[in-house]
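Following this message is one structure expressed as structure tokens.
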Amino acid sequence: NTPTNKGDHITVSILPQKYLVDKLMGDSISVNVLIPPGSSPATYSPSPLQIKSLSSSKVYLRIGHIGFEQAWMDRIIDLNPNLKISDTSTGIDFIRGEDHVHGDHVHKGGIDPHVWTSPKTMLQVLENTTAALIKSFPKQEASIRKNNLELKGTIQAINEQYIQKCDSFKNKSFYIFHPAYTYLAQNYGLNQISIEHKGKEPSAQWIKKLIDNGEQLNIKAIFIQEEFDKRNAEIIASELNVPVIQVNPLSLEWDSEMTDLLTKLEGALN
Amino acid sequence: MQDIFSIFQYSFFTNALIAGLLTSILAGIAGTYIVSRKIVFISGGITHASFGGIGLAYFLGLNPFLGAAVFAILSAVGIEWTTNKANIREDSAIAILWSLGMAIGIIFVFLTPGYAPNLMSFLFGNILTVSTTDILYMLVLCIIVCICIVVFYRPILYTAFDAEYAKTTHLNTTLIKYITAIFVALTIVFSIRIAGIILVLSLFTIPQATASIFTHDFKKMIFLSIGIGFIGISTGLIGSYYFNLPSGAIIIFTLILIWALIKAGEKIRNLINADNP
Amino acid sequence: MNSLITLSNINAGYMANKPVIKNIHLDVKANDFIGIIGPNGGGKSTLLKVILGLIAPYSGSILYKGTSDHTNINIGYLPQINANDKSFPIKVIDVVLSGLMGSKGFFGRYTKEEKTEALRLLQFVKLDQHANNAIGKLSGGQMQRVYLCRAIINNPEVLILDEPNNFVDKHFEAELYELLQELNKRMAILLVSHDIGTISSFIKTIACVNEELHYHNSNKISSEILQTYSCPIELISHGKVPHRVLHNH
Amino acid sequence: MQDIFSIFQYSFFTNALIAGLLTSILAGIAGTYIVSRKIVFISGGITHASFGGIGLAYFLGLNPFLGAAVFAILSAVGIEWTTNKANIREDSAIAILWSLGMAIGIIFVFLTPGYAPNLMSFLFGNILTVSTTDILYMLVLCIIVCICIVVFYRPILYTAFDAEYAKTTHLNTTLIKYITAIFVALTIVFSIRIAGIILVLSLFTIPQATASIFTHDFKKMIFLSIGIGFIGISTGLIGSYYFNLPSGAIIIFTLILIWALIKAGEKIRNLINADNP
Amino acid sequence: MNSLITLSNINAGYMANKPVIKNIHLDVKANDFIGIIGPNGGGKSTLLKVILGLIAPYSGSILYKGTSDHTNINIGYLPQINANDKSFPIKVIDVVLSGLMGSKGFFGRYTKEEKTEALRLLQFVKLDQHANNAIGKLSGGQMQRVYLCRAIINNPEVLILDEPNNFVDKHFEAELYELLQELNKRMAILLVSHDIGTISSFIKTIACVNEELHYHNSNKISSEILQTYSCPIELISHGKVPHRVLHNH
């Protein structure tokens, strides 16, 4: 059931954000998730009811730079000039792709959007979300601050675990289809190698290189996400004779998903 | 019920309705031309070829819409040119440009580093995010197309029906074919915003298939297609809101449903007539 | 009297190295009534298409009233084979009216008189009841009649008919020939037909187009010569019809 | 150079080459039929309609490939049926099924809880991820299709050329049309793995367009198309490896390039011939 | 002698409530040579299509050698209008061979003799040089000849020709009629033609299909009655040709 009346709900982009808002606000507000479970961010296109819910939201918390937001944001602003929009990734030290030069002008490398998959950056997202919620719901400031402390504790605990475990891994490199753990890898000293090449399906050369390097790097597992095509990963996995392990960075249960991931990393890298 | 009306207060929805009206006018005219000339396939070719323009525009950092328009026009003109001059069958020409456009698009998207988030919106389109600027552009095109079809109705009709004969009456059939091709291309590009590359074809053919149940006259077919198209789009839009399903798909469903109902009605009428001759 | 259309030394065909008609010379003057005969595959239809500008000749020149601009002259045309899509949504009367396009230009709209004229012609070919039907729903002979109406509605200076007697019944054929004699008073007519027996009674000149083209001097023509070059002359009375030959070598 | 040969040691690449060979055989046969009957558009219709099956299969948790096959067959049969019985123009029938399939697909993908991961690979295909099982299936289909075309060559040819006349010779043209439709559908579905819904059309038309420069004989056209198709696919594959570009797009490019070169060669030959008659 | 094809009380047409032919009775026996005449749009082609099973009649029955199974009888057919795609990649000889399909069934392959026979027929119509050309590259008359070969190659029991004299030249027309008389010795022929003058000399019976169908008793036939019902009889010598009328009311 999607809320309709103005002011009694807010909109977020992805499920891990709903995790944060739920923890911070309890049941006092309903949350409209633009990419609900069941829609692939790749083919997602909003229905009228969703756009209506978005239009009547108290505030829209965007995660920052995911493809869906980039594709639709201009139009969403154009159609809802009064909608309050808050970017929850501000203040994060972004990882960018390489810059590239076209004739006379330079394109800034794309910002990697996956800030929610690393406990460390997630702490910043939490702070941004808290600030935005307090601004929109000043009456509930006290409870939000209290919940914030509790949630921060949870995230920090996970952060500690990651710091400890990752340090002890024998191998540091892992393959993943879509590079959803760029921040995680940077924060905890791992080496994420994506099968997708610069955001595109791998070419024959790239597949060959991954197979060749896989042996050198002693790759023990290949991670894939539910929402991406397994086949490329399977081809490489069968050539390297290693298992394919499924991860779900868009899970609503952010905390348990992060703990699971650590166990999976342990199995693959130790 | 009240809930259904409340949606009309949102500008994204009224924008969508206006865009639907304009699209049904454009698609009604261009679609009737396409269906009559039996080149439905051409609209598929042009839409897919326009993907090449989208890819190139990404790569150069330009407006993808502009790229799509340029490629669509080029491919439409290219199809006419190859069939007139190069002695190539029209359907082969279309298939080649179709493939070439898509291949160019894919390669340029590949060459552009990073993800191409708008790509999906071009493939599937979304009538709900039509901006007021979009509508303005469509309105201008719509007016131009309407004026053209009114002024050049007969040259266009006769060239479509029997180009060889039309040529013997000193009609510049080549010019006419090129101009109509360009307008068809533009119409298609504007409709891509609404229905996406993959579904745009439906808007150009299903209302016409429905209209052809009633009439075999070009002019009447245009008017009927426009009407049927608009009924389908607006009902589909409201339906998609009511059932909370993707608008594009529901619009297509509604158009197909209208066609099926009318076709069934015709069958039943024929059966009754056969019994009481 | 000036020539309306003058072909000199025309070579044309469908493949660059295989001309179907060779070294054709032809002169069409006002009030000419030329019957074109020749065996199947002889190149008659090809010749007409060259005259109409539908096929560009490989060599030679075509003059329309002395210039090379084919819009200089108003031609009515009945093709031999109509490959039009039978399911095209167009009304019979619109097909007839499309014959007027030439004098209308891009912006042309139809006057009431012109529509009445189209209906009158349809009445003449006994299809007035079908005027608002789709073209695809007519029988073979009915379609042929419609295309005839389309060819003559514009009152052309030259009327080119490629086997107009195909498909039509005898009743109508007789009417058609009467009509053509009437029309010939104000326009030149080129008529392809295999029915030389019938047309020889009213055509003024006869032209042979053969796969192999041979030149006969008009005064030297005898049925023997023609037969040698396989002109289908068994039914022609050569005395009556002046014989014009299209090849010069 | 040595580097180019090293790629042949990888089974994903040899698999791709084998799949390319099988696809060119399948597409050579089915494509010639489609192009000759002037229903190129049908392959577009079937591919897009099969998307509905993919969506439904996701929704029901079945193998999407199976869903695609079922929908492709249903739509192919549906197209034949509607045109034979329901007095609907073939192109309208195709357009309707095309749209219906896509709309169903989109709605089911929307309704499916969880993600639809292979969707993009169905749209764009990827010859590099063909598995050995895929190849086995293709091989079986290939053998069946080859046997059928050898045994039923003439009934199929004559029905395609002049179905009305074929009917008067007591040929069961309806049955033949249905069976060929089903095989075309299956061929298309198997080719989707290689080239994706959007590009599959190219494999079915460009080799044929090239072949038709040389011959106007159905049988020769099949053989030539197979040859040209395989040269295009294998050269494209190796080229895409060498230049590090997406294989699908490069294969299409190569096919178009072959066509363009041969077409140009023909033009030049004609010019030379015209000078020395 | 047994009937090959028997039509009784046939009503047929293109729109359920507007039959084009009404209450048709027709009986085709071996060695019949029936000339079918009638005005354009009279329903001749429609009647043939009903006989061939291409159009299902609204009412009435058709028997083939006494059964309703149309595969019981081997029919050769030359359609009036060939709407085949001219760019279809098929060779002329393959078009001719397609006439054999009926006796081949699904698995049929062609023997050398059959190919020789096809070439012989093409030679007869003077197209042996075109045997390996694409069908779309022929002239109107040449195509008509090919379709004629296709109709007769299978040595059918009934040969149905819808205006075979369209497009073809006089030379060939004469040869065609000779051929038909020859063929008639071993097969029944139904021939639609507007050229009654010529065909009346060798057809055995004549049948009128009119837009308005009226019944005349065969013994009561006089040219006045036929004229009243607009049979195109001006050229028929009724004494010579037994007149068969297809309508019963």
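By written order: A, B, C, D and E. Residues from 1 in each chain.
Going forward, a residue touches a chain if its C-beta (ideal position, glycine included) is under 8 Å from a C-beta of that chain, and two chains touch if they have at least 3 such contacts.
Only a predicted model underlies this, so the values are computations on that prediction, with no experimental measurement involved.
Peer 1: Applying the touch definition from the top, give me the chains sitting in contact with each of subunit A and subunit C.
Peer 2: Chains that touch both subunit A and subunit C, as defined above, are B, D.
Peer 1: Relative to subunit D, which chain's C-alpha centre is the most remote?
Peer 2: Relative to subunit D, the chain whose C-alpha centre sits farthest away is C.
Peer 1: How far is the middle of subunit D from the middle of subunit E, if each middle is the mean of its Cα atoms, in Å?
Peer 2: 40
Peer 1: Once you find the CA centre of subunit C and the CA centre of subunit D, what distance in Å lies between them?
Peer 2: Chain centres of subunit C and subunit D, defined by C-alpha means, are spaced 45 Å apart.
Peer 1: From the mean C-alpha coordinate of subunit A to that of subunit B, what's the distance rounded to whole Å?
Peer 2: Each chain reduced to its C-alpha mean, subunit A and subunit B end up 37 Å apart.
Peer 1: Touching two or more other chains, which residues of subunit B qualify?
Peer 2: Correct list: 38, 89, 110, 124, 212, 245-246, 248.
Peer 1: Could you pull out the residues of subunit C that touch at least 2 other chains?
Peer 2: In subunit C, the residues touching two or more other chains are 87.
Peer 1: What positions in subunit A touch 2 or more of the other chains?
Peer 2: Residues 42-43, 47, 200, 203.
Peer 1: List the residues on subunit B that touch subunit A in their complex, please.
Peer 2: 3, 6-7, 10-13, 15-16, 59-61, 109-110, 113-118, 120-121, 124-126, 128-129, 131-133, 237, 240-241, 244-248
Peer 1: What part of subunit E is in contact with subunit D in the complex they form?
Peer 2: By the definition above, subunit E touches subunit D via 52-54, 70-71, 74-75, 77, 79, 82, 84-85, 87-91, 94-95, 97-102, 104, 106-110, 132-134, 136, 150, 154.
Peer 1: Flag every residue of subunit D that touches subunit B in the complex, lowest number first.
Peer 2: Contact set of subunit D toward subunit B: 35, 38, 40-41, 44, 48, 86, 88-89, 91-92, 94-96, 98-100, 102-104, 106-107, 110-111, 123-124, 198-199, 201-202, 204-206, 208-209, 212, 245-246, 248-250, 252-253, 255-256, 259, 263.
Peer 1: Name, in rising order, each residue of subunit E that touches subunit C in their complex.
Peer 2: 14, 37-42, 45, 80-81, 83, 86, 137-142, 144-145, 163, 166-173, 194-197, 230, 232, 234-235
Peer 1: State the interface residues of subunit B toward subunit C in the complex, per the touch definition above.
Peer 2: Touch residues, subunit B against subunit C: 32, 36-38, 151-152, 154-155, 157-158, 160-162, 164-171, 212, 215-218, 221.
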